[in-house]
Each structure stands twice: as C-alpha cells, then as structure tokens.
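Note sheet for the following structure.
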Amino acid sequence: MIIVVSPDATPDDLDHIVARVEETGRTAHLSVGTERSIIGVIGPDDPTLQDVFEALPHVESVHRVTKPYKLVSRDFHPADTIVEVGQGVTVGGVELAVMAGPCSIENEAHIFDAARAVKAAGANMLRGGAYKPRSSPYAFRGLGPEGLAYLAAAGAESGLPVITELMSVRDIDAVCRYTDVIQVGARNMQNFILLDEVGKVKKPVMLKRALSGQIEEWLLAAEYILAQGNPNVILCERGIRTFETAYRNTFDVNAIPLVKELSHLPVIADPSHGTGKVGLVTPVAMAGIAAGADGLMIEVHNSPEHALSDGAQSLTYEKFGIMMRSVAAVAAAVERTLTGVRTPAAVR
Amino acid sequence: MIIVVSPDATPDDLDHIVARVEETGRTAHLSVGTERSIIGVIGPDDPTLQDVFEALPHVESVHRVTKPYKLVSRDFHPADTIVEVGQGVTVGGVELAVMAGPCSIENEAHIFDAARAVKAAGANMLRGGAYKPRSSPYAFRGLGPEGLAYLAAAGAESGLPVITELMSVRDIDAVCRYTDVIQVGARNMQNFILLDEVGKVKKPVMLKRALSGQIEEWLLAAEYILAQGNPNVILCERGIRTFETAYRNTFDVNAIPLVKELSHLPVIADPSHGTGKVGLVTPVAMAGIAAGADGLMIEVHNSPEHALSDGAQSLTYEKFGIMMRSVAAVAAAVERTLTGVRTPAAVR
Amino acid sequence: MIIVVSPDATPDDLDHIVARVEETGRTAHLSVGTERSIIGVIGPDDPTLQDVFEALPHVESVHRVTKPYKLVSRDFHPADTIVEVGQGVTVGGVELAVMAGPCSIENEAHIFDAARAVKAAGANMLRGGAYKPRSSPYAFRGLGPEGLAYLAAAGAESGLPVITELMSVRDIDAVCRYTDVIQVGARNMQNFILLDEVGKVKKPVMLKRALSGQIEEWLLAAEYILAQGNPNVILCERGIRTFETAYRNTFDVNAIPLVKELSHLPVIADPSHGTGKVGLVTPVAMAGIAAGADGLMIEVHNSPEHALSDGAQSLTYEKFGIMMRSVAAVAAAVERTLTGVRTPAAVR
Amino acid sequence: MIIVVSPDATPDDLDHIVARVEETGRTAHLSVGTERSIIGVIGPDDPTLQDVFEALPHVESVHRVTKPYKLVSRDFHPADTIVEVGQGVTVGGVELAVMAGPCSIENEAHIFDAARAVKAAGANMLRGGAYKPRSSPYAFRGLGPEGLAYLAAAGAESGLPVITELMSVRDIDAVCRYTDVIQVGARNMQNFILLDEVGKVKKPVMLKRALSGQIEEWLLAAEYILAQGNPNVILCERGIRTFETAYRNTFDVNAIPLVKELSHLPVIADPSHGTGKVGLVTPVAMAGIAAGADGLMIEVHNSPEHALSDGAQSLTYEKFGIMMRSVAAVAAAVERTLTGVRTPAAVR
C-alpha cells in the first residue's frame, strides 16, 4: 500500500503517520519528495488498512497495489475452473453452457413443455424461478417449493440439469434439495450472509453481478463463497444500471474478457436481463460468446404476452431456435462448441 | 396504462392487442392516430401488466399513469408520519433526529464512551453496527450478539434510543431484542424476504436507499414493509453510485424534497456514507437539513485512525460538536429544532 | 403526446390544461378516469411541447408517443444507408470498414509507416488525429494543419481513405481539404453549431456518441447533420461513462443492434476507446461485429509505450494483425466480409 | 507518479520499465516487494506520462500523486478568488450572487419585465439565453444577436450585470460586446477550443460542469481558461447525469464543498437544471447555499407554461420571491448575505 501525504504535512505529521503504520506491524518506507512525501507500507497485505490510513491527518490518498481477492484470482490458480453441474454437463470448457427456460415456473405442464422445447433447440440446462425478486410486493412472487419440485421433475424428464434462484437463507434446504445449480441473483450479490451459506454447501453456485456492482466487488463476493470451501462458482454478467433508458439494463461486454483475465472462474452472459428487450437478445448473445463467455442464460416462454414475469424480454420457442443457430455460428468462429444445435454448418 | 402501438400494426394486430387487454378483465379504449394508435387501458390498476403489454407484438411502449405504491404514498395518507422510537424521541416532527456513534461497536467501553460523547454534543439517538456488511470476507464483520448487548446498555445508560443494522432474517430475534430501530442497509434495500420479515415486527425500521436504487424502487421497498402491517418506516438517503470517483458516493440531495412530496414517511440524511470523506460531512449535513430532511445519521469515533471500519468518514467527537452547532443554525433557518445543542444562538 | 393529470385537479384545472393545448393549435381529447384524468393531444407532432405541457399546474407527467427524429429514422427510410468514403470503400454494406492508425499523427514518417502496416493487416481506412481533445491544457494537442497534410499523403500512398477529428468550426476548411471523412468526437456530440456546419458540407461525417449520450440524443445529433442536407452520416459507439472504474469506458454493445433497428445509418464500433485497455480490444472488437456493427475503429501504434497519446489502448502492428484474423472469423459467422484479411479460413 | 508492476515481470522487464522512465529525463526508484515491485518516478511532474507508463508491458497500474491542475488549485493560490462582474457586484465574497431570469430571451418586453421582477425580489444579476443548445434541431434555438441586445438593455435599465451563454467561437465577439459574464454551458465544458478563446478575453467566464464531468476534468477545463491569462472564472454545479429518472439531473451537492476545498474559484449552484422540476428548486437552492455555494442561478418566467424552453423548471415571479426569502434565512445561518432581499428577519 502506498500513502500519499499532502504538501502541508510537517515532519511531526509524517512521524505520526509512520508510527501508525508501524503500530499495524508493518514497515513504513518514507520518501520525501519536492511536492509530496510518499510512504510505502511493507509487510503482510491487508486491504482493510486502506481505510485506516485514509483516516490519518494529512493523508491525501492511499493506493492499494495488490488485489483484495486471492482464491478467485488467476494469479493463484492459473488454469480455468470447469464446473460440473450434473448430467455430464460442464461450465467453463470448450462446450458452451446454455441455460434456458421461463422466468418463472408457472405450473407443472408449462415447465415440462418449456424443458422439451429448449432441449430440442439445443439448450443443455433448464432455468426457472420458484422464488422471484419483484420490485412490487403486489406482483407474482413465484410458486415456492411446489415450483421447485416441478422444475426438478421437468429437468429429470428432459435430461437437463436445472438452475433456480435462492433469495434467502430461509429457503436454502428446499432449493438445495431440488436444484443442480443455485443462482444468487443480482440484488443479492452483496447479501453476505447468503454468500457464506451457499459457500458451505457443495452445490455449484451461479453468482450474478449486481446492478451497480464493480468488477472488484463481484470477485470479492465470489471470494466469500470460495472462502467457505465451495470452489464451484460460475459468474454471470446480466447488465448494469447506467443513465441509458432505451433498455432495461446495459450489458457490459467489457466485463467478460476482463473477468476471464483476472479470474479462473467461468462466466455466463445473460442477454435477456442484459437488454430487457426481445429484439436485442440474439445479437447480444452472439456478442457475449464472441467476447469469450462460457455460455448463456436465456429467458424463453411459449407465449411471452402471457408470461407471469419478464414477458418483454422472453424469446418464443421459435425465436430461441433461431438464436441458437446464430450463436452456433459465432461459437465455431471462436472455437467453442454447441453440440445440441443440429445444423450450425447449414447457417453459414 | 397507455399502450402506444407502432405504425406498422395492421387492424388485426390492433385487435390482438385489444383482445389481450380485455382478457385481463379491463376495457381497451382505442384511438387510431395518423402516425400511431394509442390504447388506453381502463380498469383496476396493476403495474405488473406493463410487462405483459410490452410483450405484445407491435407494442412500441407502455406508459403507467399511476404510481405503483399505495401505502407509502402521500396521495393516500396526506399527513406526515411521525415515528416514535423510544425515550420520547420521534422522527418526522419539528425536532430533528440525530443518530450518531461509531460505524462498528468495537468493545463495551468504546460504545459507552461514544454514547456519552454524542449525547453531550446533542445527538438524540445512538448508532453502532454489530453485523457489518463488508465487501471483503477477510474484513472485520462485527461483534454480533455481544455487540448488540453493549449497544443496548450504552443507550440505556445515556438515555438514547439505539439503531443497528439487521443483515439477515437469521438474526432478526437477536436484533429486535436489543434495538429500538432496525436498520435495513443499502445492500439489502431489495432483499425482499428481509423486508417482509421486518414488516411483521412492531419495531420501527430505517430503510436505506440502495447504491443504485431509483426513488420508485425505494418507495416500493418501503411498501413491502407497510404491506406486512408495520407503518413505522423511516427512509434514509445515503448517497448513490455515480461516475464520480472523487467521493465514495454522491449524496442525492434532490431525493429529500422529492420523497417528502411523494410520501408521508420521514427521511434521514446520512452524509457520512453520502460523501465518504470527513471534510464533506458537515457541509452536506447542513445541506440535507436545508433541503428538508428530518434528521441525520453520522459516524463518530474517538480516534478515526483506529476505527475498525469507515475511519475515513468518521468525525472525531470534537468535529461532531462543531457540526452540531452548524447544523443547529441551519435548522433554525428552516424552523426545525435541535434541542440537544446548547448554544446555537451563539453561533450566529 | 399524452398528458397525465394529478388526482387533485379540479374541473377548472382540467379546463385550463385543455385551453393551453388548444392554444397550440392542437385538439385535446380528455378522458376522466377514476384515479387520474388523461389528455391526448391530437395534431402535428412537436416534441418541444412536452416541456410546455409539463409546466402546466397539476400535470403529473407528459408522455411522447412519437420519436423526435425523422430523417435518421428507419420508419422514414427503411433501407440501410451505405456511405461512400472514397477509394471504392463504403461503410454500411456487407464488407466491413476497418479504420486503423495511431491516435495522434506524430510526424510524417510515423503516419506513413502506420498506413502501410494497417493496410497490410487488412484495414481499409486510415485514422489519425491532428487536433486532439485533451483533458489537460498541458498535454500534446496535435500537429494541426501540418498533421492533416501528412495524413492525406499517407492515405494516398497506401490507397486508404482517411478520417480525422474536427474539433471546432474554426478548422473546418483545413480539415475538409485533407480528409475523406470528418470525425465529430464524443465531447462534441452536442456541439450544435459544429453539427450544423458539418451538415452543410458534402463530406461524410462520423459522429461519435457522447460519454453520457442517450441513444435518442445521439440520433438527434445525427438529425442536425441530415437536416442541413448531408445524408452521409456514420455513427460510432465508443463506450459510455458508468460507475465501473476497471476500464476507461464501458463499451455499450446493446447500442449497436438498437441503433440499427431505429435508424438506417451505419454504425462503427470503437473498442479502443470503448475499453481503454489493450487486453480487451480484440474480444470487444469481435463482440461488436457479432452484434451487427458495420466496422471498427482501432488505435494502432508501432510502439505504444512511445505514443504521444492513448498508448495504453493502442495495439502494436503485430497484435492488430492477430485481431484482424479473429475478427475475420466472426465476420464470416455473421455473413460479413473483410476482404483485406488474407487467410481467415486458416484461422478456423 | 508510482508504477505498480505485475508479479510476472522478470528482472529484464523491470529494467525495460526503468529505462523508459529514464528516457523521459526522470529518475526511477525501484523497490522490489514480495508480491509486486513498485517504481517511484522522481522528477518534474507531467500527468500525460501516466498514459505512457500504462502502455509498458507488465505495468499493472500507474498512480498519480499530484494534481494535474495548478492555476486553479488552492495549493498555489490559498485565498478565495472574488470575481468582479460589473455594477459593483462580485461573486465569491460574503454577499451571495443570484443570477435570475428566463431560460431564453423571448422578446424585448419580456426580458425587461423579467429584469424588473427578479431585481425586485433581490436578484443581483440577470440571466437569459440568446443562443440555446437544444437536443433537437427543430426546437427554438434563441434570438441570437437581437436577443443579446435586448438582454444588455434590460440589464442596464435595472442596474443588473448580465450573463448569457456562448456556444461557439463563431459568436464570441457578439457575446463579449453585450454581456458582463460569458457562460460556457455543460455541453461545452470540454470544447477545448472555446475554452482557449474565452481564456484570451478579459470577461469573467462561468463554466458549467458537464453532464458526466468528473471534478478533476471540470477543474482542468477551468485550467484551460486560466492558462490563457483569464483568472476570472466562476464554476457552476448544475446537476449530473445518473441512473435516476425521477428528475432531469441529479444535483451533486458534494461537489460544492469539495471544489471549494480543492480550488480558490467561486462556485454557483444551479438548482433549476440540477433538478428540472419546479417543486424541487427552492429546497435544493437552500441546500446549495447551506453547503457553501457562492450564489445561485435560477430560471424565472412570468408564465412558465408559455416559456419557449425549460418551462417545467422555471419559477414564477411569485415563487421566486418566496424562494429568495427562504434562501436568505439559510444564508444568514451560514454567515452570508443577500442584501437585495428585504425582510429575511421576518421569515424566521
């Protein structure tokens, strides 16, 4: 850590800063410059000291020189992590993962129908929400445990591993019983108690980026899970909140290559939430794969205008099939595979 | 709700939209314009229909014309809500509430000392965190139940009601046992299960705005709590996340008068988190009161450079005393009182 | 336009609003609802009336139902615009445009060398700045007219049309004399006088999106140019400013398909500015093409560590060659061509 | 400047970085750490070297330790700048500056009427736009030179110095002839040629912050003007662009005390643009003064619903009078004066 001292600091002020650094058990290396003095802090790394040093009188700024996360960092684990999610499906290898299905599990027949449809189009995982985070307390909030059972059964019938959102530690046992992958949603990226708890179970966890989550915060949230002993973490970029109102969220395509560079964890692109508009889902899905994402999460509904949630961003079965063929062509260009899609060659 | 249809819609397309509106039990009022047709939806209000109508083919945009919240709205409850928090202290009346104390409860002696100091300077509530949301899993995360007991005892000794953060439904009983006001932090503004649960208890709740929480989402989060039967909600503006990196957060002063106009709930300003910099806390506290806030939440520490968290934004006891006198002068200008401050007149 | 009136409006208040609408020469269509009354404004479209109606007492909100731009809209011009930029190169067709070169024109030899290098790697346009917008008045601000002459000569030698930034109406004659395409930079997207002036010349104009430019504002800025009689406008997405600090800007990939849907104008992706980091340029270039961009603008320098500006985001000649081969593979997947790249097939 | 090198750098890589530093005529001070090596750059300060060093292989980050501006910095000019704007009015002293009037100069009678009204309520400067930046090319863009003449005459009659916006170097002579203060608008904050030109004239300049202008960029924009020899610069905070859609802009109250700390230049608050909503103007004006602003810029119109621009944020004459009395009460609390307001004492 490097401490920059303001020009008005006296020698006594500098001594005080040095003493506080040494009080932490570290060594202070002072260089007195013509304009500003700089103090290098030598010793074990502790990012939380930044706040301590910033509170010192005459300190102008404090610069960290190391990353605050370890277990998720590629520095400490150079090889890509490949997460096994069941039914022989993996996330993070050459084969892309495509998680598709309705926003909400609406009833038993509906999720079975969706499972067959997305499987037929080439998806290799089934998504569906039983606990739905809704801005309004008056909106449909999901079927709960009943929905979980339908989802698991639909996945089993179609041979697709399933993923569903866990919103609270209250429901962790129910969700773990039925799902192959636990989704931690954007609004819970910094629900630290929930992160601790999903870190203690063995299930793979997909951690979505918060609406205003910085890359470093997102990786630290993943670090919470790994620090509790669960290495099976998948990241998911789902769009951030910006000033632009033409779409629900702004898909941050930069995040994909940067996260792949900083971390060994796989990254999924969610263009459904990342755009919020049906017409943008396919091109942004293609962009995500071109940028290096390890797979996609896509909302699909047999009749979006009757969906209980997220209709405006859900693809019909037919549009999903078209999307998959377009994505398969891009996948081939980046040397990834999508084995469930029958005729990618025909597209080109 | 108003549905705007794109110019390429045929009469059949319009019929389809009208039919879907009528399927919801509402009446569709079609006006065919030269450029675009518009459909007014007449009938019971349901904001979640926006998503349904946006999913219809040829729908260009859907405009809500009512607010999605009811119980928190001033339309339905014109008079200001005044929340009683114990020890005769209220939030929302002429007298300002000042909640002050350390970021974290560090040990028993420390919180007792802080309680006496902030009381002496004119604060009428004591704050302190026993459960701390920290970006890094390796940072100090609070003393937990032990801290809660110290906080309650320190408040009792000084005659100050206390406020502390609840991070998870897991800890709701412990927190309710010891605190006068439950704080729901910015990262949990949309932790909907937690909102439900604090709605079921009788304790006052202070709900902080999320880092990227829109005013409407914030009021809907408060609606969750009221909808469960708890009317004692206090809002807290604590700064939002923007592109500006010169401060930790950007205090959104516009939010204060707007929320007072839209809702009957009291609003507290938190310039400690709203700026993240000691030097800005006092002027922004003064601005918050000038804009109509019902009180302040301020981080105070006997030695910020030794604080276990948030040192860079904590005022010393001395600086807090100076702040209180400056705030008292502004309070008088807006016809509010701060009875704990001994000599506001002397300042002017 | 639709005017939503607040519930407290009396019949007299409604009459006043209706009268003001009629004063503008339009017809007001009033529907009195149970909660709110709504007034439809029938007659010629004028987006600037929104502000007038919002100023009326008891008006809660005003909703536009038409787009504020005409000439740039695909509604009025369904076919894609293809801009001819000279030397047989076009922007907007099947063949992608790749504009490459140094951030600044540094000296004569340097730009000639860059022109040959980017041409060899498959670029079909040469970029270089003679007038540089710099945050600091003390930074290198470009060679001015001397640089323009070098750029034109380098382009002529290599057979590449050239593009360079015009920062002020002061320099319009000099820039028009030497360049094939005038670039209007992000900081000038709403320099309306400059937009008027480049609208009056015949040269193609590439209009970059502002750091916080909304899609609608960007299209309106293009409308300024078309409204003056110049139809040869190319749009360029170059990243927006968000809360994320891990990159210089956030490339907004959503903008590409949305702008292609709303407008007939071609769109270029600039991943150099859109990321600000060398390591992200290639994957984001690939993403831009996958999402439907009509080409790329890329900063290339023989020795980025000696560049007079933007070194941190400039590709070496070698890295640019690798990027072009990766982009060519994605181009083939989306049925676009990049004829300058010799061996795309070999990549796959 | 401090260069942080990534852990994978070899001794040769370090030598290469050191050599590049020395090539710039500076000394490199290398400290090899256990995790990362750090290189301190000793010698004359040049912020543009940051980009050069970031382009070096194996450089992880570069930290500036000095501020990139000099002339605007309080470090080099500790005393507050007080700008004389004519008619005995100053900006930056104990007396607050209040610049009020219509958004646009609409006709001769209108601006004379507005001048008398705002003067009567206590304003000491007259504002009005003759050149209007409008998002749409089809909106009213101002009366141009004719408007300037009306404004100057109205100011002269009422004894108020005038301020008006200059949008382009094209109009600098006309604007300088008629105005006392040149306003550089938010969209031109980084129109560097315009900044150079207003730096060359003697007139005071009020520089508004850009919609997404960082504090450092804003101060650097002011540095452009001072660097050309014009020390009479006034800053103006007018709201920034954020994710919040409930108001047109988000007034950044933090900016006021921070800019006063970093710079000696006076700062004006513009709550009209900072909120975009009539109902928020008065509380945010009060907040701005409480936070330390040196004055206000307020849009006032005799009939906002007939204003040619910005009606939704314009105060009527009556509301402006009420606002002035509220502001006067806050001014007294912060030991500032507003001599034009007749009865501040009566308010309290």
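Chains here go by letter, A, B, C and D, matching the order in which they are written, and residues are numbered from 1 within each.
As a working rule, a contact is a pair of C-beta atoms (placed from the backbone, for glycine too) under 8 Å apart; a residue touches a chain by one contact, two chains touch by 3 or more.
Everything quoted here is computed from the prediction, not taken from an experiment.
Comparing chain pairs C-D and B-C by the number of C-beta pairs in contact, the larger count belongs to C-D. In this assembly, the chain whose C-alpha centre lies farthest from chain A is D. With centres defined as mean CA coordinates, chain D is found 27 Å away from chain C.
Centre-to-centre separation of chain B and chain D, using mean CA positions: 30 Å.
Annotation: 39 Å between the Cα-based centres of chain B and chain C. Residue positions of chain A with contacts to 2 or more other chains are 212, 216, 241-243, 245. On chain B, the positions that touch chain C within their shared complex are 2, 4, 7, 29, 31, 33, 35-36, 38, 40, 42, 45, 60-61, 63, 65-66, 75, 212, 241-243, 245.
Taken together, the chain D residues at the contact with chain C in this complex read 20, 46-48, 51-57, 68-69, 133-141, 167-170, 187-188, 190-196, 211-212, 216-217, 220, 223-224, 227, 241, 278, 304-307, 309-312, 314. The residues of chain A lying in touch with chain C in their complex are 212, 214-216, 240, 242-247, 250-258, 261, 274-275, 277, 279-280, 283-284, 286-292, 329-330, 332-335, 348.
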